[in-house]
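Dropping the structure in here first, questions after.
The letters A, B, C and D name the chains in turn, as written, and every chain counts its residues from 1.
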Amino acid sequence: MKYTDQGKKDTRSGYGAAMTELGRSHPNVVALCADLVGSLKIEDFIEENPKRFFQTGIAEANMMGIAAGLTIGGKIPFASTFANFATGRVYDQIRQSIAYSNKNVKICASHAGLTLGEDGATHQILEDIGMMKMLPGMTVINPCDYNQTKAATLAIADYEGPVYLRFGRPKVANFTPVDQKFEIGKAVLLQEGTDVTIIATGHLVWPALIAADNLKKQGISAEVLNLHTIKPLDEAAVLKSVKKTGCVVTAEEHNFLGGLGESIARTLAVQHPTPQEFVATQDTFGESGTADELMDKYGLNNKAIEDAVVRVKNRK
Amino acid sequence: MYSQKIAITFGKFLNQGITMAELDKLQNIVTQTRRDILRMVHDVNSGHPGGSLGCTEFFIALYYEIMNLKDDFDMDGKEEDIFFLSNGHISPVWYSVLARKGYFPVKELETFRKLNSRLQGHPTTHEGLPGIRVSSGSLGQGMSVAIGAALAKKLNGDEHLVYSLHGDGELQEGQNWEAIMYAAGNKVDNIISTVDRNGQQIDGPTEDVLPLGNLKQKFEAFGWDVLEVQDGNNLEAVIKGLNEAKSRTGKGKPVAIILDTVMGHGVDFMMHTHAWHGKAPNDEQLEDALSQNAETLGDY
Amino acid sequence: MKYTDQGKKDTRSGYGAAMTELGRSHPNVVALCADLVGSLKIEDFIEENPKRFFQTGIAEANMMGIAAGLTIGGKIPFASTFANFATGRVYDQIRQSIAYSNKNVKICASHAGLTLGEDGATHQILEDIGMMKMLPGMTVINPCDYNQTKAATLAIADYEGPVYLRFGRPKVANFTPVDQKFEIGKAVLLQEGTDVTIIATGHLVWPALIAADNLKKQGISAEVLNLHTIKPLDEAAVLKSVKKTGCVVTAEEHNFLGGLGESIARTLAVQHPTPQEFVATQDTFGESGTADELMDKYGLNNKAIEDAVVRVKNRK
Amino acid sequence: MYSQKIAITFGKFLNQGITMAELDKLQNIVTQTRRDILRMVHDVNSGHPGGSLGCTEFFIALYYEIMNLKDDFDMDGKEEDIFFLSNGHISPVWYSVLARKGYFPVKELETFRKLNSRLQGHPTTHEGLPGIRVSSGSLGQGMSVAIGAALAKKLNGDEHLVYSLHGDGELQEGQNWEAIMYAAGNKVDNIISTVDRNGQQIDGPTEDVLPLGNLKQKFEAFGWDVLEVQDGNNLEAVIKGLNEAKSRTGKGKPVAIILDTVMGHGVDFMMHTHAWHGKAPNDEQLEDALSQNAETLGDY
């Protein structure tokens, strides 16, 4: 494989590291958190910028409203908590005070998906991509590793408008170039191929690369797109690849209902109907377990992607 | 331009009186505002006259006597006082006041709630209407936003104040209590939040629907400095109350005003009932209502 | 057309009428509302069963929790408010206390979509179908007229499990048979055709029938499915029709992101890739206006459906 | 079966004392529960020992002395008292108590937080674990659910009580104040809600993170009957407090207990700090902790 793991790291630490940098470079960046500072890795930001940090306690709705208010006066608020409490808990607040009001708030959500592990289903949101993508004007980003999460965090600070940035808890392969600039809305072609397109996001990108490697040994040439930005969707990149390969597998740490997979299915249905398979959770809640156990049980790994590729190729 | 008046009146009060002549002038604006409200909701047969009429004195006091406003509207509102309407359904009163203060043409009031208008059913920034800094309508969110703006002012070293208005029924929304707890705990003492204590909400009197009880006691238990203003439809009393509240800012506590108003004030058949919370008068009722509020500044 | 409008009625009144009947027939049915009794048309239920009604005031989160609690002790709670406040405002509460807890709560939501009219975008939820369909175990229903809303309300009382029932404010054609039993999860084939499948839900079903009629005059034979249950999706009915016609138009009063249209696109992508067009709002917020003006401006009418049919037929 | 003990002890108190022998027996269960908690979280290197240890006396008092429980668990819980844990993260103490009361095999405690377990990180009905009636974990939702269950009891003519437990930090969630307002306004007087006032939450002491201030005053301002129990880790005091609370039910007001506890109680190095809110001890620390809580009923 042409990518190498530079050493496993958690994506949330990429967020924390970028926040430290933004604290130094962007005087208008402020941070908010709802009693989860340690989990969001923003201790350094707080230590260096105590006055630019707002601890709301366990009150996510209020946090979103305060974030919206802080933009009035020119601040760039990064409001952060667990992904469930950053989306479903406060959907209407985000909708009215941030999205419809077009406020420059960055909603930064850790512990998205199954991989937060042992806490179980109440903390394992698998619907946040779907929720946030439905909000007009919202940008939805799910980077794949530490480096990319850091780059994405830096990038959204300079982008004007509401953003949902989703990342996670487990230590995963860190393989994107350390200095790769993050281009919002631009899919990254990680691997060229001709037989199938694998469109992956977040924690599923690395498994997608492994799958592509394994498939190559079976004589299947897979193209791999890192679709870090789910909205706006890079339709051009998707179409270009799919028109070449003729079939597609989407892979996301999310319910197969409402997420990235359905966005792709919709795009293709309108522009280029194509056989597609979904690597995603199958409309179930999560459960307690280690990150690896859960990804295996719920079919979110390279094996599941490989199987899906074989299925979809047969349907071409 | 609207700021002229402000330039003259700003800083005049703070435990000072207001002349009868000035009061009369403001009272005329109050009456015209009531006419605007009634005509706006009648025209589209929708909207919320009850709360709007009850809060007219508050708005006139706030915009003509209390707030320190810049000449031109910008979103950031730096170096001026800013206001948030959390109970967004009473947009008619706000729209009228904003228009007559010069934020946008008075004529535009006739587009209220119509297709392609900037005067949406509930206030929004989405259409770029000057004077509005956040969307409201879904209740319970405005105090959090106001607190955020107040925190931004503190960060910016801006000593101006943030004002907000809330329905009493609206206080049943838990987010308010998150915000109330936050503001006290973090000494957000550059905010004055007023509760429109009209005792009414959609389904009936608040004390029947879900009793709010003693609001002063509740805010105080949450650490706020609370002022009760008994006659919220007496312009002088409202101005006095707001000035008193102003004098209590900067002392480590957020300030709340419990403003007793009468829903539907100024129109006899609309008063003291929730019936006109969100119902427009028909032609006959409009005529009756307008006859109780004679034209002063000219209808739009 | 073989359907006739029996006289325009609002779907929410179908809900109210059914609640009155349930009040008499089902002693365990209780109703909750958050300061919107008149809008939900449940005055009769309350008058006849004052002890079985719970007025929570303007506190939707608490309402959903109380509804969940009432099931413990055998009650069948119908928790009702405007669709925005019945979904986005309380997503996490529904998720944990109702869906994940598998509580027998019926979430009944009026004023869904654009057609509530003048109140504008803060009240015009166009994302509720997407949100509710992503919840594991949730049944999502969007009936098309007064009669069907009444029938659906009666049907869900006898179904065990969480349900989201979505209806609206405007008076629209009432055309389904007054005595038609409502079968959860079973699409109704309203009109047979061979050239295109129109899958419509809620307020878009009647325009779909009109469109089919108009298309017939142009020599296009459209099949019309009333997909009142968005989840569970009647995949068999969808596939049967689409395999026959070879193309599909979906029509819903909802964002084209995340809704019924994407559910269909996903189903087809996996089982039978097919050209599809979306009649839905195009990722925008709503605005003030009359119901009809809004449906016209946002392209949710028979004309939009007809245009979409022509587009999709050309893509076969 | 667990109900035997209940059959004997139920109705014994209400301003009566408890014998030393009985207290000793319960104290042994308390100690064993602490061991269970520690061993459970250590085994999976995750979970929340701090709050669990602090609430152990409360759980033992509730399940062994206070609640009137039926022999078999059913979801409806008719004709018995029922309990809701709103601060679901302290599941370890609940699981231990439920297991040792006979709701499910004690052995099953070893599956805590493991794949395919009924003992999820946060309590859930989803896996059918007896004793649990609603999922929790996302904070702030439990009081609403408890109120709903209390209303169902009233409708059913069931005079048993509903108990609930809440974290103090958890009260920062606005939904609680919606529920608190509702319960008072609707005279839900068959509920006893206890607040685990340990003064700690994840990011530090509650009064640093977001001050809760005087909780008694807040609940009272919202119309509740409030009882403060100073030593929430003294079994006798907790039993007495709960009995006192019981005697205050049925009088038109919901009843709250502000229970002062020490987070991490029973393990010296875990006490008086938020550090162990959600952190498991390592092998060495476990040994130390267990040595402070000698085996009484036999480890699982």
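Criterion: a residue touches a chain if its C-beta (ideal position, glycine included) is under 8 Å from a C-beta of that chain, and two chains touch if they have at least 3 such contacts.
Here the structure is a predicted model, which is why all the values come from computation and not from measurement.
Of all the chains, the one whose CA centre sits at the greatest distance from that of chain A is B. Averaging C-alpha coordinates per chain places the centre of chain A 30 Å away from that of chain C. Each chain gets one centre point, the mean of its Cα atoms, and the points for chain C and chain D are 41 Å apart. Rounded to a whole number, the gap between the C-alpha centres of chain A and chain D is 37 angstrom. In chain A, the positions touching at least two other chains are 56-57, 59, 61-62, 84-85, 89, 92, 95-96, 100, 121-122, 285. Multi-chain contact residues of chain D (touching two or more other chains): 124, 126, 135-138, 140, 172-175, 178, 181-182, 185-186, 210.
Chain contacts here are complete: no pair of chains fails to touch. Residues 30, 51-52, 54, 56-57, 59, 61-75, 77, 92-93, 95-97, 100-103 of chain A are the ones that touch chain B when the two sit in their complex.
Interface residues of chain A facing chain D in the complex, by the touch rule stated above, are 33, 35-39, 55-59, 61-62, 84-85, 89, 117-123, 285, 287-290, 293-294, 297.
Chain D makes touch with chain C in their complex at residues 75-78, 82, 124-126, 133-138, 140-153, 155-156, 158, 174-175, 178-179, 181-182, 185-186. Across the interface of their complex, chain D is touched by residues 172-178, 181-182, 184-186, 210-214, 217-218, 220-223 of chain B.
Residues 84-85, 87-89, 91-92, 95-96, 100, 121-122, 126-127, 130-131, 133-136, 231, 255-258, 261-266, 268-270, 273-278, 283-285 of chain C are the ones touching chain A in the complex.
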